[in-house]
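Order of writing sets the chain letters: A, B, C and D. Residues in each chain are counted from 1.
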Amino acid sequence: MKRQYAGTDPLAGDFYTRQFEKDRGEHTLVVNMGPQHPSTHGVLRIVIEIDGEYILRADPVLGYLHRMQEKMGEVQTWGQYIPNMGRVDYGHPLAWNWAYVGAVEKLMGIQVPERAEYIRVITCELNRLTSHLLWWGAYILDLGAFTPIMYSFDDREMLLDILQRPTASRLTYGYFRVGGVRKDLDDRCIEMIKAFIPRFRSRLPMYKDLVTDNIILRKRVEDIGIIDRDMCRRYGCSGPVLRGAGEPYDLRRCEPYSIYDRFDFEIPTEETACSAGRYLVRMAEMEQSLRIIEQAVEGLAHAEGGHIMPKAPKPSMKPPKGEAYFAVEGARGKVGVYAVSEGKKVPYRIKLRSPSYSNLHAFAEAAQGTLLADAVATLGSLDLIIPEIDR
Amino acid sequence: MMNAIDVHMLIRLIIAVVAAMAWVGINALVLVYCERKFAGHIQRRPGPFEVGPHGILQPLADGLKLMGKQLFRPAGADAFLFWLAPMLSLLPVLLLFLPIPYGPMLTAMNVSLGILLILAFSSLNVLALLLAGWSSNNKWGILGAARAVSQSVAYEIPLLLSVLAVTFMTGSFNLSAISTSQGAWPWQWNLMAQPLAFFIYLVSAFGETNRAPFDLAEAESELTAGFHTEYSSMGFGLFFMAEYAYMVVVCSVCTVLFLGGFRGPVADGWWWFLAKTYALLFLMIWVRWTYPRVRFDQLLNINWKWLLPLAVFNLLATAFVMKL
Amino acid sequence: MGLKVLQGVETLCVARCDPAKTGQHWSVFLAPQAIVPAAAALSAAQYSLEDILALDTTDGLLVVYHFNAWRFDERIALKVLLPREDPAIPSITSVFQGAQWHERETRDFHGIVFEGHPNLIPLLMPAEDVDVHPLLKADKARRAIRDIMDAGEIVSCTGEIAALFAPPADTSADAARTDGGSKA
Amino acid sequence: MSAFRQNVIQPIIDLWSLIVGLKVTGKCFSQKLITVHYPRETIEDEDLDTYGGHVELVGKPKDPATPKCISCMMCVTNCPSRCLKVVKAKAPKLTAEQQEALAEAKARGEKVKKPRAPKTPQKFIYDYSLCSLCATCIENCPVHSLRFSHTMYWATTSREELKLDLLARLRRQARRKPRPAAKES
């Protein structure tokens, strides 16, 4: 009785496993990494064919967290869709807020007040820091060190306290509005930001000592999961994955939106194209975000206008007919929203272009021929947020 | 029929084994508590705090919870081997505590080949891990078992060689003899004479006990839980206890070999032994909560390319010096 | 001054868009069989694929490919109009491997078949709902292309595509349709 | 030689980074704890005041038990999650005498005022389990009758309890803290 499973049938798997097993070689093992696996962070599932511990083929299976966000856009009014943007990517929701709101503003031809632009920059960059800190802790956790995530959450909590003041939430922000933001930054919030920046600067060397310089970690991430420039182009990777491959492509610079052209910051790149490159790019980006925030807080003091334009459109706004594509630089890469309006209260079509989706797609090729442990190191270095992939 | 000495020995053995069982249990409880507290404070949080004052009863509560859980065996698992494995993992541990000299007079069995006995029986653990991984009918389990076997086999060799270097110096396999051959003060310990062997022993000990950064057999972010993926309740509990027991054994042996055992300033006794053993255990815990995990090929490379040549070199050098 | 990148590719309509308004620089209509050469031309010019989506319109299913360049700010939208019955289009996965998932997703949402795709199985939708295409609109909600987007500043155009954007000539039929739509 | 350096000397030097790591965690071990022991300690009020808990009604300044709400339904129409349910109050039914009086007045040709329905809603039900806390209702309320509460420590054992009668809640709040006017007198 017990041995009846030894052959193929009842436990042979679902549709995707059967699809995958069609091309299976001899003497290999097909394993399912996920959807309940500690290092796929949520419900990503990757079917892997391994020979020993070497990966021959990998095929991510998506859709376990699919909520049909794009359909939801077609049944809600333009304003009602904003809270959805907080749920697409819980890591960096303000980038999605911005991408969507920006697309609608493009459709309507709205110019946002200067103060609102500064507030958007500050909150978005703070949110980028929270996202990178979350990634950092979780990535090191994947690589087997338990402690760093606690340190990163120490800092992240302070950021959340700051962001909580204007946004009233701690994770899934729905803060931006067409024409500005929901609430102004108060003095206490500015104070907290000013106190946070030097504190975080002093914490970064500790991160470096504990993790970045650690020889075990370096050996784990160096030369692992190569995603070079050409692969990035073919798969449409963006963000730290692309910058880790040496291409200084950052939408804040290359397709400047909002007031990013006013700030002095660098775009860190690494030529190595491996997990270590992506890791170092993100660590360097945190410092650059601090620089932007510093300058933006200064600029905010004498910015004109309010936090939202006077007579901002109501949720039941009717943008004129047309199409608009708006992309912003999220923590994971290019966050794009393509909105089509027919001139009604309800969008005609909303397409969400998520960076993790394209970044993960490159994983299958990058993981080929590496060890199972390297797959974890590669996967983590892509900084995946599953709800963003499945939308 | 049975002469008086045999009966005497038997009673002594039984008492010793029972004592060892208690010792294993107590150690597991204390160590789990210490580890969680220590980890908590490293991470700047209090650790267990709710059950009892400062959470001191937490390990007991956890143990009760483990016992209360359902013993579950996955479909297609080989029932006999599946349940044999955890028992096989824990049982030999009891033997390992017998030859360890806790104090000048506090040894369960003063075996003349004590260190060999420990090394021999501790190897049985590999078999348990292999059986557990194999019989679970789980792919992650098999991967974990394969890792566990190659890791244990590899790390046993430098461990053995570094132990041999010490026995070359003392000329005895008897742990009591090794202890007494060292002086009371730190500079009279074997640590000073054999720093390289101590280092090799320590690194191999991490490998042998599957502790981070060498916890590849159960690397939870890669293999979910490795060989014990499918174990629940006390099946898992036994593996858990065995892991902590092996930690205690490895650290005890290290104390005896390199840190003077029960010898210490002012007065010799079990207190010195315990203090040193627990200091080593804390080092293991500290390391676990600091480092990321190494990769599997790196783990083996460290062994075959670094530890083994160093251990052989150390052994030859020791032999050479002793002969002089 | 036309779009240099796509020289040599047969285009149906090339139009310059206002990036401040639409976020796109070029809007190019293509025939289905021209999409692979167009993608190859863009790939040779170091463009990267952003996304692929489809729009359900009364004129047919409009597949939109967004490409953009890294070194300079330019986003090109390639648009292919497919018939609503049995929509099929050659897959560009041979040029851009990253298109695989985008095409699978578009098949899930709109039921467009990408010919030559190595593995056109459901991606986001469950495998048992192969024939459910959630983003296909109800008849009443469907609009003509001219009602949802502007043609932009046309550089070259065939009559066929120009007709899509021209104000409805046959007023009686089209007016009835739009009226019905607005009432709904 | 460089290969020797790279493969033998460098790894030994790199071991130093492990000691540095131990130093960092060791230092943190000796530092003060930073977590809050929740049931015994809570976070400062200042941080709590900005927390957006569930939505609640705002009372009139003079009569805190009655909401400012004018039952305009803006919140209900704009809510993306459809978690609000507002029932408008009905006009009071006239007794037979009043109706007669009204009819008489009408007959006399006077300007007749039919009793209007009160603006205060009759029911204001809010389902917290659906709410996405987007603040759309708060922004679109013309009389600012809605706001976020600061209840962070609220937990229930059933989904039904997440359905709140905000009017009842407002009355409870008003009872709990007497209005400032009453204090003065």
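Simple rule for what comes next: contacts are C-beta pairs under 8 Å (C-beta built on N, C-alpha and C of every residue); 3 or more make two chains touch, one makes a residue touch a chain.
Please read these numbers as outputs of a predicted model, since none were measured by experiment.
Asks: Per the contact rule at the top, check every chain pair and give me the one with the most C-beta pairs in contact.
Replies: A-C
Asks: Which chain has its C-alpha centroid farthest away from the centroid of subunit B?
Replies: C
Asks: Which chain is most central here if centres come from C-alpha coordinates alone?
Replies: The most central chain here turns out to be A.
Asks: What is the distance, in whole Å, between the centres of subunit A and subunit C, each centre taken as the mean of its C-alpha atoms?
Replies: Chain centres of subunit A and subunit C, defined by C-alpha means, are spaced 27 Å apart.
Asks: Determine the centre-to-centre distance between subunit A and subunit B, using the mean Cα coordinates as centres, and give it in whole Å.
Replies: Here the centre of subunit B sits 43 Å away from the centre of subunit A.
Asks: Counting in whole Å, what is the centre-to-centre distance of subunit B and subunit C, each centre being its mean C-alpha position?
Replies: Once rounded, the distance between the two centres reads 65 Å.
Asks: What are the residue numbers in subunit C that touch two or more other chains?
Replies: none
Asks: Mind pulling the subunit B residues that touch 2 or more other chains?
Replies: As it turns out, subunit B has residues touching two or more other chains at 42-45, 289-291.
Asks: I need the residues of subunit D touching at least two other chains; which ones are they?
Replies: Correct list: 11, 18, 21, 24-25, 28, 34.
Asks: Got a list of which chains touch which?
Replies: Touching chain pairs, listed by label, are A-B, A-C, A-D, B-D.
Asks: In their complex, what parts of subunit A are in touch with subunit C?
Replies: Per the touch definition, subunit A meets subunit C at residues 14-16, 19, 62-63, 66, 68, 70-71, 74, 103, 106-107, 109, 232-237, 242, 247, 249, 254-255, 321-327, 334, 336, 338, 340-343, 348-349, 351, 353, 357-358, 361-362, 365, 390-391.
Asks: Under the touch definition given earlier, write down the residues of subunit A that touch subunit B in their complex.
Replies: The touching residues are 2-3, 5-6, 11, 29, 31, 37-39, 53, 140-147, 150-151, 154, 210-211, 214, 216-217, 219-220, 371-374, 376.
Asks: Mind listing the subunit B positions that touch subunit A in their complex?
Replies: 39, 42-45, 75-79, 137, 139-140, 142-143, 212-213, 215, 219-224, 289-298
Asks: Touching subunit D in the complex: which residues of subunit B?
Replies: 38, 41-46, 49, 286-287, 289-291, 306
Asks: Can you tell me which positions in subunit D touch subunit A when the two form their complex?
Replies: 11, 14-15, 17-18, 20-21, 23-25, 28, 34, 46-47, 50-52, 77-81, 132-136, 139-140, 148
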